[in-house]
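Dropping the structures in below, format is structure tokens.
Consider the two complexes below, in which subunit A is the common component and subunit B and subunit C are the respective partners.
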Partner chain A sequence: MDSGFLQTLEAILNFGLPIFLLLLAYFVGTMLERRHFRSIRNRESEFAQFPVVTFDTMPADWTATSSTLVTGSVVVSLDYFKRVIAGLRAIVGGRIKTYEPLLDRARREAMLRMIEEARRDGYDAVFNVRLETSRLANSSGEGKRTAGVEMLAFGTAVKFTSRFARTS
Partner chain B sequence: MKFIPRQPREGINVSDTHPLVEAGTLIVGLTAIFICIALLLIFLVEIALYFVPVEKEVAMFENWLPEDLVTVSPGDERLHQTQILVDRLAFHWADAPYEFRVEIDDSDIANAMALPGGLIIVTEGLLDQVESENELAFVLGHELGHFRNRDHLRALGRGIVLSLFFAATMSNDVSSISLSVTDLTLRGFSRKQESRADEFGLALVYTHYGHVNEASRLFEKWDDDDSTMLDVVSYTSTHPDAGDRVESLKEQALREGWPVEGVITELKW
Partner chain C sequence: MEISNTDSIPGRTIVQFYGVVTGNTVRAKHIGRDIMAGLKNIVGGELVGYTELLQDSRNEATERMIQQAQSMGANAVVNVRFATSSIAQGAAELFAYGTAVRVE
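Right, the complex of A and B next:
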């Protein structure tokens, strides 16, 4: 029996593999996150003129001809790197800094998708905007593990009587 | 009301800390904490050892066998001869408080274990590899050394420490990391214990045969197999590197002036 080879293999499996996976997840995850943030910023500046407000009744100076419910939903999951670092953080507590950009992306993406839906159908503004999250249970571990999080943005989209109605 | 277009502000909800800085801080900090806790627990195990005298241990583990052990038939000649050899070696350890029991485990991996209550387990794989009684005697003497230093209970304590850590970190992916760290710390202690048991084993072999010829042959054989092993692996192992063990055994024999040549006793099966 070549015990030296087996021990070397064991050492590689025990330490090398997790570190390799961690680095791989970090580089791929960071690249995807940067790309997503770029896309979010571009679309946000594109939609900056589109009014989105959280008032639960329509502002008095808006006169609408029609309204509808618009939604934007995003489902996000963690990469291995974020999960491991968050797991370490969970031992001592504190800000889970690796989750923050992930959920920030999800919130802003959900808002953007809601606005995109409203614009596609020709609406001029959205009021009573709300954000909701729900955890998606993973089928493994009796549903106690998290497969991902859904971020849902919804509101009431309205069409104005005239294009300039809101600039009173 | 006037609508002023504005983009979401950044840098409030998302922390500025670079993910790698966060990762480094946590990994280094937690590793330090884990090592401290492991050291503390080892210290507690040492204290606990004072409160479990050998008599109590023997009484507690009398007739005890590990559940996953696959023993050979009680009439097996090798079992009989190994038991006789252990008894003869133990004779030279004048105040041995144990009545040693030998069992053979049906496993292909060459190994021997010292378990609470004076139980010595040798595997089929080990018996297949030894070619002389002297070789086997050293392995058995080494296990007797563990009993003398009460390492078998420390190993038990280590097992408890590891399962504690496992339970504490069970629910997330970190369990493997923290366990590896703790395990590594504990293995450093384990290697020292092995070296001390080696010394005791060699002394027994010398007292019994009057020479230490072939005592370390098993390790020499393993050392040849280990040529592919990376150096770093020896730091992660529970046992010292086979080559290092051969070296220190040779040094010990030289220091004590024990003859390294002598008549080899054949195995009696």
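Right, the complex of A and C next:
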């Protein structure tokens, strides 16, 4: 076996694998993200009539009979491609565009899950909605791997005195 | 037991305060879930195992908070807040706290 072949093999193993992972991450990650955004938009338009507010007291025209705490959460992580891009970006500084859609979709997903919980249990609206973000510890000793970011949405769900009690 | 993250329970009046009640739990990740999450880290997106883990943990912390409120004789917890902190490699604390009250 000549040494040229071995060198080629070595080069493929050294550079080919990361490049393959990058490409895989880029295509699969982008596809998954598009699909997720589509699902988020569909559900958001479905829930458009469901009142969700961040006021800490109920609007004056709401008369509630019962209430409970509802939560929605999601843990997300960046794909390999985006992590590499973000790593490069961190050298020169500036806006890291690859992170923005990830956090955006996670937050919207958490909010949708909160609304889904409220609707499932027969509540009519949610008020005093709060959003929290927390980073989870690295899953292993390697500094580069982030286990993920958790988005939490919570609020107080209320049932109106009658289904059409709102007089606005 | 009624819980809310607002200063009062909608449609009720607070007649007595019992003080702050808390509930916490510290969870470590499951190795199987960690391997799956490691794979998922390549393509990105939701880490379902972790979402469930944190959701379960938060429910447990809330449950402990409610138990404490019940033992005080309260029938509601208002102004509930959540906190998450990474306390060690691969472990997180989920914490819920609020004010135990009696409502009528």
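Operating definition for what follows: the second predicted complex is superposed on the first by the 160 of 168 C-alpha atoms of A that agree within 3 Å, B and C clash if a C-alpha of one lies under 4 Å from a C-alpha of the other, contacts with A are read in each partner's own complex, and residues count from 1 in each chain.
One rule holds for everything that comes next: a residue touches a chain if its C-beta (ideal position, glycine included) is under 8 Å from a C-beta of that chain, and two chains touch if they have at least 3 such contacts.
What you are looking at is a predicted structure, and each value in this text was computed from that prediction instead of being measured.
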Combined model on subunit A: subunit C and subunit B, fit or clash: fit
First (subunit B), second (subunit C), both or neither touched by A:148: second
Which superposed partner A:54 touches (first subunit B, second subunit C, both, neither): neither
Which superposed partner A:104 touches (first subunit B, second subunit C, both, neither): first
Touching partner for A:127 - first (subunit B), second (subunit C), both, neither: second
Partner chain(s) touched by A:15 [first = subunit B, second = subunit C, both, neither]: first
First (subunit B), second (subunit C), both or neither touched by A:92: first
Partner chain in contact with A:84 - subunit B first, subunit C second, else both or neither: first
Touched partner set for A:39, first subunit B, second subunit C, both or neither: neither
Lowest inter-chain C-alpha distance for subunit C and subunit B in the superposed arrangement, angstrom: 12
Overlap of the subunit B and subunit C footprints on subunit A, listed as residue numbers: 80, 82
Residue ranges of subunit A in contact with subunit C within the complex: 21, 24-25, 28-29, 32-33, 36, 56-58, 62-69, 71, 73-80, 82, 102, 106, 109, 127-128, 130, 132, 134-141, 145, 147-148, 150, 152, 154-156, 158
Residue ranges of subunit B touching subunit A (in the complex, touch as defined): 1, 3, 5-8, 13-15, 17, 19-20, 22-23, 26-27, 29-30, 109-110, 169, 172-174, 176-177, 180, 222, 225-230, 232-233, 236-237
Subunit A - residues contacting subunit B, complex: 1-5, 7-8, 11, 14-15, 18, 26, 30, 41, 44-45, 48-49, 51, 59, 61, 80-85, 87-92, 95, 97-98, 100-101, 103-104, 108, 166-167
Residue numbers on subunit C that touch subunit A, as the complex places them: 2-7, 9-11, 29, 34, 37-38, 40-47, 50-51, 54-55, 58, 62, 80, 82, 84-86, 88-92
